[in-house]
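Below, each structure is written out as structure tokens.
Look for subunit A in each of the two complexes below; its partner is subunit B in the first and subunit C in the second.
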Partner chain A sequence: MSASTFEKVMLIVLSILTLLISSLLLVILATVFIKGLPALHSGFLTEASKDFGRAGGIFYQMVGTLILMSGAVLVSLPVALGSVIYQTQYLKSKKAKEFCRQSAQMLNATPTILFGLVGYLFFGVYLETGVSWVTGSLILAVMILPTLQISIREAIEALPEQYKDTGMSLGLSQWNQIKTIILPQSYYGIITGVLLGLARAAGETAAIMFAATTFSGVQFPESFSDPIPTLQTHMLVLTQEAANPHAIAQAWGAGGVLLALVFFMTFIAWILRSKLKMESEL
Partner chain B sequence: MMWIFAGLNFIFLASAVGLFFFLVLESYPILKLQGFDFWLGQDWWVGESYGALPMLYGSFFVTALACILVLPLALAVALFTSEFLSSSYRRFVKAILELLAGVPGIIYGLLGVSFLSLWIKNIFGLLDGNTLMTAGCLLSIMILPTVLTLSEDAMHAVPAEYRENALGLGLSKWQAAISVVLPQALPGIVGAVLLGIGRAMGETIAVMLVVGSLDRIPDPWFNIFTSAQTIPSKLGREAAEAIGEGTHWSALMALGLTLFLMVFLITLLGNHFLKRVHTS
Partner chain C sequence: MRPAIQIKNLNVTYGSIKVIDDFSCEVKENSVTAIIGPSGCGKSTLLRCLCRMNDHIENFHLTGKVLVKGEDIYHPDVDVYKLRKRVGLIYQKPCVFPKSIFQNVLFGVKHMKEIDKKDYSAIAERVLKEVNLWEEVKDRLNNLATTLSMGQQQRLAMARTLAVEPEILLMDEPTSSLDPESTAIIESLIQKLKTHRTLLLVTHQPKQAEKVSDNLIFCNIIK
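Our next item is the complex of A and B:
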């Protein structure tokens, strides 16, 4: 075999592999939706689950996931925004900046189950929030903090130097610059961060499975100390009943909804990100 | 106003440092009780002794397996995407990888339980499809997007002049990719793999569902078709029983601390390699 035929063969092999990897997403999507189909009926999204999750719908699980996600972002956003503004606008020392950046990277890489363990101990036991949706939201808030920070930081650092110079030459105070220039101009970055954070919180199971969620018994939290059902926990419990086809079908159905939720938010984040790029190129 | 921002930044730093601090604090009782035997012991009997070796072994083994399985595939596809695809196709592949990276772990777990463990059981004629091999395969699929997209970035970041020079010297595009781009991108590839390893080590849900959850070292040690346990899967299985107090909880937190330190070192090293990509 000559060198050039060898190269051609290799290129064909590589292109087939690339095609296979690219179709992996489609395979996963198709599997989830085909397998989930038996569970789908008109009330799947609007009914409560019945018979320990083996029948009925997933309404309260969906609500639970949404509550945890939004709670997490509500807590995380001010902290992420404030810390990034402090790091980019006020902090002068290079070393301190680098330390903050490293800490964010570490937090991002930390195995999520550790957030569950330590978070339960700190919030649940020391702050006495117990096994509840509040604990879950707080745990997820810490977990998605780096995700939000990265997007916000990117947006703020992409702002042209002239904006700040102009603000300073007009005699604006640091706080006025932040209020009238930096926050409005990095708007898209903030929203992108929020959406990616929501998507990450929605997909997380390990961090909340023993600290915030419950499988059955509770439908809608009536107080701050109630646990909450979520799509993730619902799937986890049903998955372990692999012998029961009804349970597995319900798990796939819940998985389809969860996947749709995560992808929906990622898509909107992408659209906003491309808008941001176009604006910065103007 | 500055103080409010400083305070918020402090909350962020405190949660990062606090995480580590609490892990150390909570694992202190068991480490004081058992010392180094905690990591060397092979028996985990709640109430009697706590030995972390089977979990450590499982974590290393599963991660190594995932790494070996993912590496050739990820590098081949990264090379093709970076060197031979037009920029619009490249963006398409990158977008798919970003979506794949966002697929929740529990979905991979469900796929593993419903397909992968059954396949492995049938192909290799096993009694139980929940093995080290199953967890390794599943993990390799899960870390593929991370390893692939980061190593593709590293290859794409190799300056265009290098390729032009290689082509000018009469090398073919393939030869330039193999003998110029690949070696130049090596630090970035190493970084990508390290970050992938960090990911694999900490994955809980998917591994917990397919690894079999048996606290013992396989016999013989290289038998990948037996059930075992990893650190995160152990934590996931037992944290709910032990929650909050006692020696059992302290032992679990010490496992968590061990996991944290391993992932910390690997990620630090990985980021160090990746930083060289951006500055050079």
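Our next item is the complex of A and C:
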């Protein structure tokens, strides 16, 4: 086979692979929304679920998911930000920096069920937070920590070295450099990290299924020790009732809402990341 | 006249690489001293040592003494942030923040508690006039500093440094990225500034060194 023929064949193969991946996403999107369509009605987002989830809406499940996501980010953001600032601004040793970077990558690759298991043993049993939304938020906080760290570090490291040098040569203290140069200039990256972390937390089921969530019995937590209904658990339990078409439609409907939520946050993160790149190239 | 800077037996290494070897010199007050030499001979490192800008670099090691107005700047009791206000540094490539011209000029001043906020406008005007930029920007102080030409950005960077009132001004090839017209403006500025400041200038151009400086220091690569 001549070089130019080989080139053409490879181009066709690569084009087909790209098309397959793109269409896979479209197939998933179409399936979720078509199958979830029968469940969608005017009160789907605002009503409580009825008849063990087979009818009504998903209001409390949405609230539950948002509470877990917000709790996770509130705990995780200051820890990730502080840790990245220390690693990028104070830590001198290149080896130590690389160790921190690799640790975050490895933590990011850890199976999420292990976060649930270890998190429940530590928070739920050892710290006695039990099966509750607090335990769930803490587990998710640890789980999204590497995502946040990686995004924030990327944003800070993308800043021109000259910015920091200029601040330093003007006599700004280390803290003033962080406050007036590092944080404001990497603002978009921090928000991107938060949104990606939120998206990851929103999609997580395994880690919180038995440690924080419930399918019925609780609509809205009244104390720190109450579990919480979430979209993920709602879908999981309803799909187990495979014989009931109403339950399955409700599960697809909840799936569509969850997918829309995750896509929306990822889309905003993508826009902000593009803006960040443009600004760092100024 | 007492020396503004005294360097005694200075040795600088980055890990196992020796950059400055047993260097000594004195720089007179209110004068311009040019440092010339081939690339890689440690001119910029020397300049950065005078305001302790290398401190955060891993494996940076310095021996010998560096005295600024008689004070050993590497003594453990020295406040490095105060030192950097006293000894300002201008870079080869002008660095302006993506903020307004006004905010850029006052960037360092805003962190000096002893300066009243109501004096900000007067300070900005004074230093912009000092670097001959006032007439060019006085009607657009709120515009983005990144819209200025390279030559204007370099003068803005100088104004920002002058605003914190350094006694000594270190300039690391300040005209190397500028056109001849902007270079001439900076060179005449250097002459003007030396009346009440000590200036140390790193340059690759022997003609420029001869033209603007009162004293010359030649550096060689360590063999």
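Following the convention adopted for this analysis, the second predicted complex is superposed on the first by the 266 of 282 C-alpha atoms of A that agree within 3 Å, B and C clash if a C-alpha of one lies under 4 Å from a C-alpha of the other, contacts with A are read in each partner's own complex, and residues count from 1 in each chain.
One rule holds in what follows: a contact is a pair of C-beta atoms (placed from the backbone, for glycine too) under 8 Å apart; a residue touches a chain by one contact, two chains touch by 3 or more.
Note that the structure is predicted; figures quoted are calculated from it, not measured.
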Quick one: is A:Met168 in contact with subunit B, with subunit C, with both, or with neither? Answer first, second, both or neither.
second
Which partner does A:Asn244 reach: the first (subunit B), the second (subunit C), both, or neither?
neither
If we overlay the two complexes on their shared chain A, which of subunit B and subunit C does A:Ser225 touch? Say first, second, both or neither.
neither
Residue contacts on subunit A - larger count, subunit B or subunit C:
B
Is A:Ser93 contacted by the first partner subunit B, the second partner subunit C, both or neither?
second
Subunit B versus subunit C as contact partner of A:Ser15, first or second or both or neither:
first
Should A:Thr112 be classified as contacting the first partner (subunit B), the second (subunit C), both, or neither?
first
Could you tell me if A:Phe263 is touching subunit B, subunit C, both of them or neither one (first, second, both, neither)?
first
Enumerate the residues of subunit A that count as touching subunit B in its complex and touching subunit C in the other.
none
Quick check on the complex: what are the subunit B residues that touch subunit A?
1-2, 4-9, 11-13, 15-19, 22-23, 26, 73, 76-77, 79-81, 84-85, 92-93, 95-96, 98-100, 102-107, 109-111, 113-115, 141, 144, 148, 172, 174-175, 195, 198-199, 201-205, 209, 232, 235-236, 239-240, 243-244, 252-253, 256, 259-260, 263-264, 267, 271
Would you pull the subunit C residues touching subunit A in the complex into a rising list?
51, 53, 56-58, 81-85, 88-89, 91, 93, 95, 97-98, 107-108, 110-111, 146, 157, 160-161, 164
Residue positions on subunit A within touch of subunit C in the complex are 92-94, 160, 162-163, 165-173, 176, 180-181, 185, 279, 282
In the complex of these two chains, what residues of subunit A are touching subunit B?
3-4, 7, 10-11, 13-15, 17-18, 21-22, 24-25, 28, 31-32, 35, 78-83, 85-87, 89-91, 100, 103-107, 109-118, 120-122, 124-125, 142, 145, 149, 174-175, 178, 199-200, 202-206, 209-210, 232, 235-236, 239-240, 242, 248, 251-252, 255, 258-259, 262-263, 266, 270
